[in-house]
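Accompanying notes for the structure given below.
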Amino acid sequence: MIRRLFVLVLLIIIGYFLGTAMASIPFGAEKVDVGPYRSVGNYYVDNTVQETGGVNAVTSIVVLYRGFDTLGEVTVLFLAATGLAAILALTRERRKLKKEKPSLIMRVGTDYLFPAAIVLGSYVFLHGHLTPGGGFPGGVIIASGFLMLFLAQWRYKVDELGLKIIESLAGMTYVTIGLIGLFKLGTFLGNFLGKGTPGALLSAGIIPVIYIVIGIKVGSEMTGLLQNLRETTENE
Amino acid sequence: MMKLLYFIGCFSGGALLAFLLGSFSPLLKKFITFLAVILGAVLFATMGTSTYQLSLLFGNQVIFGIDTLTQFMVWMTLGIAFIVSLVLWSHSELSPTFFALFLLNVLGTVLIFMSRDIVSFFFSWELMSWTAFGMILSDGWEKKRSAAVKYFMWSAAGAYMVLIGFSILFAATSAIRFENIVMSVGRVSHGWLITAIAFLVAGFGVKAAMMPFHVWAPDAYSESPHPFTGFFSGILSKTGVYGIFIAFFYLAARLEAVPMLRVHGTSIFGYIMVWIGAITAFGASLIAVHQEYGKKLLAWSSVSQLGYIIFAFGIADSLGMTGALSHALAHALFKALLFTILAGVIMRTGTDHMASLGGLIKRMPLSFIFAVVGGLALAGIPMTIGFTSKWIIYEAGINGGYIFPTTLIFAASTAAFLYYYRFVYSIFLGPLHEEHQNVKEVPATYWISYILLAIPIFYFGLYPGKLVGIISTILQSYNLPALTTYTATSVTTPLGTFNGMVVGLGFGAALIVGLIVYFIGGRVRKAASQTDKYLAGEVVTNEFELHYSVDFYRFLERKLSWLLKISAQKFYEFIGELIRFVADINRKMFFCGNGQAYLYYMTIVLTILILSIWRIKP
Amino acid sequence: MAPFVLYLSLALAILMIVGAIVVVVTKDLLVAVIASAVVDLVLAILFYILQAPDVAITQAAIGAGLTTAIFVVVLRKTERFEDD
Amino acid sequence: MVSPILLIAIPLFMAFSVPIWGLISKKLPKLVPFFTFAITTAILVSLLPTLFSGQQGFNLTSVTIAGIKPPYGINLTFGPASAFFALIIQLVALAASLYLFEYEPPEPAEKFYMLFILVVLGATGMVLTGDIFNMFVFLEITSISSYALTAINKTGHSAEAGFKYLLLGSLGSTLFLLGIALLYGSLRTLNMAQLSLYIHQGHLDPKVLMAVVVLFIVGLGVEAELLPLNGWVPDAYEAAPIPVVSILSGVVAKAGLYALARVLYTIIGIETGVLNLLLIFGILTLLSGELSALRQKDIRRLLAYSSIGQMGLIILALGGGNSPMAMVGGLFQAFNHAIAKGLMFLALGIMAAGFNKWDMESLAGVGKAKPYTTFLFTIGLLSTLGLPLFSGFWSKFLIIFGLVHSGQVVYAALALIGSVIEVVYFARLLGYLYGKDPSEELLNSTLESKKGFALLGMTFLAAFVILIGVYPDFITNFILGGTAELVYKSFYISSILGGI
Amino acid sequence: MSEAIKTFFSPSVLGPEIFYGSSVALFLIGLYMVLVKKNLVKIAIGLTFIESGVNLFLISIGYVWGKTAPILNKTLMMGTPSKEVVDPVPQALVLTAIVIGVAVTAMALSIVIVIHDKYGTLNISKIKELKW
């Protein structure tokens, strides 16, 4: 009890501290430029169409202005999948598949929902530069389709080697796109494709390409991750 | 510049070669070591007095220089190193690492004497320290662990005190060269200057085995590889002496800029050193008297003799300085001789436990004779260098009016007689042990080295003026008071004149008369066998430990037991226990193993930081 | 932001906090996971209210969906109830 | 087209490509880390000359990504400090990757190699990036791969250690993110040069500034092994595979250290009094680490605690930044510590190879059973102790001199007390390694001659230790440049943003 | 009193209260769970809460009253879009942060599985074989 009280005291201090620090940033205020340089947000919004051809400012930022972060982000997700597979690798062998039939609803529903999930996911990452969404949610939606498959059919197993290779190739493609930018334009991840008409599907240069790559990569990674997790669970 | 590099290269290259090639052939490692020392000496002889600069750190010039003091110290070092390398010819069992480290150690020691700035000095100092540790380590370690760890810990502590002292001087003067520090030392605030010098003297005092920093010395000396011990105790301790000289008399100019309480014509600082020196000399020789092992005995004797030097440094007038420096040489010579003799005895008999030895005069007469020579020098008998230096030190004490410390020093000399007598008697005299019946005399390398060491011992004993002349040149070059009235055989001090030749020859004559009497009278005496003793009517057998050298001075021990109970060792053990306690608490608290506790610590630290910065907030 | 939306978001925020407290209080880890999914979903709606549709979609898909799935799978593997 | 970006792009490409190599041959993935790091080291070395042109004697290049100039785009800064830390990371990684040649990693091996490349990549990214959020992303790459690598042995211990690391690390990086959010909210920028400029010009509310300082120190302190945040260190070092441990101490900790230094020196600025915090953290970390090592029996844990102590010394030196000397010493020490500890851990791995006992008693006498490895270990040990002829001497010397020079005599003295403790336990360790006769089990363990490549890598590190120990000017120019880059903010700002 | 309530419910006060307040609250609840709960799964949930709190805060600082999402339609493209839409940068950052968060969670949970396998418990205070 004393411990909890102590924790509460600590939390109150930290909370008060964070509150005061946050309060100095006015909520909902106009984002004016602070110093001699333009605020990055304003700069991006004003220049995204001219510079990148993407109309979704967030996507332009994610893929181009801060594309390096996204490369890192992809790497983090890749790491999560790899690390999880590495950590759970040995424990998997001792487990046996459990033979239990999922409900009929599940199985039938999945038959219809799985293609829908794949299509939806692809749509989300293909239109990332136009509408909200993008490679990450798209990839996860595809993975969720596989999750449904896993739930509906206990025996279902995605070919692991295939997943691995897709994942690798997608990652390598991403880096290669960056390197092509480096060799063509002199900057890594440079937008070496045409900008196209803002708002069209085939526009915004490498953004859709990268989002496709990310979508495929995230989809395969998350599928692999879920599969790895699933296989460790089936002994109970 | 090039000569210095050759000199350094000679030793470090030799070390590398000895290390790499030594495992192929034992002859090679000995030969390389021997050659490197000789080559180094030749190179040093050609270097003369000059200054060398090396660009090492940030393109800054690191200065090495040679002046008269350097020459004095370096020749002493190289001389003893030569003796050791000579003796090492009979020691193939030592590992190549030992030979390599020995060369590096000699290099470090020489560079200490040559360095003229903080960086090179500290570099050489640490080099000398750790290579000595490495040598103890290279030679089988099972039972020497505590001694070696103790040595390493103390020498690190000493080196770090030196480092702090130097860095304060650097921070205060922004200079790393000694000459620049000396120039601007007047501008340093007195508090900082005293702090710096106190750190320096304490740090060097560790190496010079000054009480209360002496606890490592007896163990380390006695556990170091036997041929090396002479160098260890004779020369490495002198680096501490040299450091005190540099710090106190050169860098701080005897703290004369600082108005301090003056006692007996010296500063309070010097006065403290006088007392420390006297207590070290007396206390250590009392302990030496009770040692059972030869190396331990000589080790404590080293501590005691170094006390003389500190004592004389504290007096800091012309007599004191001369006495200190001449005793530095004297101690190096006779301690190297005694340790080498002991190394020979250990090589032949395998032990330095004095109760297991005895009667070796019959098997190793040469060793005995030189042990007597070394002992004469140790006890300060005329005709030897020990007399010269000790005499000057006594005179310094008397002349300065330090009644009590000088009394202690006199008493220490008496004790030196006692332990020296025990040393020679238990090892060489008395009945011969049966297992030592077939012991041979030491090999040629040994007795050659004995002779080489004995020559200067007698030379400077008979011609004290020569020694005083060298030292007074050194002292004058450092603008320190020096004895200027001397001829080759005599030295005139404020208290009078003594003529080394006359006193020495007179004593020599008396000695010869004594010997004649001994041989005439001794013929009647019949030697008893080892077990020719009776205990309550029972015949004593070999298994029975009733040797005359067991508890040789038990009566003394009984009388002085109250004094011997005062032990710095116990205090340090208490400190060590305390640190271990704190360490365990720290370990069990911060690394308790519970992940959540770590998160707690994180949150607490966050809170503490928050609370502490709220104060700063405007 | 219209006042209505503001009040709605207040309600949502309260719902979110309540959900979080449920997570703290409950001993049934499955309930906790579901409640945390609710929190994540509400968070996605708040993101949407704050004019961040991209983030809202991602939060819904990843935060509420994927994370919850992983949690549920882990619960099946380990144990469902918290022992004190 | 040699650009610093390749230091990140190539390892990333190689990490993704490991499974493809695995398809060709099962043996091939083993070589991938080495070739990756060989290439990146070559690139780094070929880039070094560009650092030392220009009027100040050193030079900072800003590399834009996607062609958008800073402050609007993410940029990499390739200055002396970044390059220096990148060099440390690459050297340790290269040696560790050579160790992998004869090392059987925990299954699945491919994943191990990927993670291994990625942790180095993340650390390199952290030291090269010029954008604070990008630093967060790379911090996460580094730390997540470290968690995975710590737990990869799949034993209970490794999982436990990994979880502790993960708890501290993820909470820490979230706090770091919160700090970034506060900075962004106030200044509307993420570029470090611009942040630095704005803070310097006083655009930031002091309240927020202080909050950011607190959050950054606590957030980055986890990787930099600051005192109460370093509970994971001994556990992770004990439970992780040996090459990973050398990476943890030589790469991850150094990247955390760099991040801390960069953030506090360049962004926050030392005029705000953060140096006092660093001094206090540094001395507490140092003393706690050294004290904990004092009675340690397990050599890995002993080295871990010693590592903590060394990191404390470096932090302490960074706290003495009023005097450039201490700062130089600190960076120098970072280099020496990375190299020496990397060397020691790798050597320890060979000493216990095929034997797998790590306490002093079991490894006693290894100096006779595996002389060359133990010799290399001793070199690292002596360098850590700061003894001459080894590189550690110069850095320790500079740190103490610098600390006293900047007026912190008490801290210097306390640091030296810590060093004396260090001497005690290392001397004891040496006593065990050389003093006793090796046990049967030790003599029958894997021979060191079967570890030729690993020994090659370690010899390479040891050569650095001795080379710099004998002739420190080999590297001091570099360190001076690095110190200048960290301390002189205006130089950093103007190099990235152009004239102010 | 009613005045106080009115101020409380006025948009300019309520906005930060809701969004900053709930982000701090999420952060603190998460921290509380991490510090007090013994169960590893609960601790992992706590970590996600902390992250969600920070994410919410990040999005909140990008919000501007009355502006729209940063997706530019034809009309917006013409003028100065920065006057019309909210700050997109925090959104991009949060996208990254969410993905990183799920990665950390996945990693944590995989370790939890191994721990449960080896130690048979999820109680963090029982998992301390490595210590001192």
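Letters A, B, C, D and E name the chains as they come in the text, with residue numbers starting at 1 for each one.
Heads up, the rule we're going with is that a residue touches a chain if its C-beta (ideal position, glycine included) is under 8 Å from a C-beta of that chain, and two chains touch if they have at least 3 such contacts.
Note that the coordinates shown come from a computational prediction; the quantities given were computed from them, not determined experimentally.
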| item | value |
| --- | --- |
| Fewest hops from chain D to chain E - one hop per pair of touching chains | 1 |
| Common touching chains of chain E and chain A | B, C, D |
| Comparison of B-D and A-B (more C-beta pairs in contact) | B-D |
| Chain whose Cα centroid lies nearest the overall Cα centroid | D |
| Chain at maximum distance from chain B, centres defined as averaged CA atoms | C |
| Approximate Å spacing (C-alpha centroids) for the pair chain B, chain E | 68 |
| Rounded Å distance, chain A centre to chain D centre (Cα mean) | 30 |
| Separation of mean Cα positions, chain D and chain C [Å, integer] | 38 |
| Inter-chain centre distance, chain B versus chain C - centres from mean C-alpha coordinates, in Å | 75 |
| Residue list for chain C, restricted to those that touch at least two other chains | 1, 52-55, 58, 62, 66, 70, 74, 77 |
| Residue list for chain D, restricted to those that touch at least two other chains | 133, 137, 140, 144, 147-148, 151, 154, 159-160, 162-164, 167, 171, 178, 185, 188, 190, 207, 214, 234-235, 292 |
| Junction residues of chain A, two or more chains touched | 7, 10, 14, 17-18, 22, 25, 28, 31, 39-44, 56, 58, 65-66, 69, 72-73, 76, 79-80, 83-84, 87, 91, 132, 134, 136, 225, 229, 232 |
| Interchain contacts, given as pairs of chains that touch | A-B, A-C, A-D, A-E, B-D, B-E, C-E, D-E |
| Residue numbers on chain A that touch chain D, as the complex places them | 17-18, 20-22, 24-25, 31, 33-44, 51, 64-69, 71-73, 75-76, 78-80, 82-87, 89-91, 164-165, 167-169, 171-172, 174-176, 178-179, 181-183, 185-191 |
| Interface residues, chain E side, partner chain C - complex | 11, 14-15, 18-19, 21-22, 25-26, 29-30, 32-33, 37-39, 41-42, 44-45, 48-49, 52, 55-56, 59-60, 62-63, 65-71, 85-86, 90-91, 94-95, 98-99, 101-102, 105-106, 109, 112-113, 116, 121-123 |
| Interfacial residue positions of chain E with respect to chain A in the complex | 12, 15-16, 19-21, 23-24, 27-28, 31-32, 35-36, 57, 60-65, 69-74, 77, 80-82, 85, 87-93, 95-96, 98-100, 102-104, 106-107, 109-111, 113-114, 117 |
| Parts of chain C lying in touch with chain A, wherever the complex brings them together | 1, 52-58, 60-62, 65-66, 69-70, 73-74, 76-77 |
| Residues on chain B engaged by chain A in the complex (per definition of touch) | 603-604, 606-607, 610-611 |
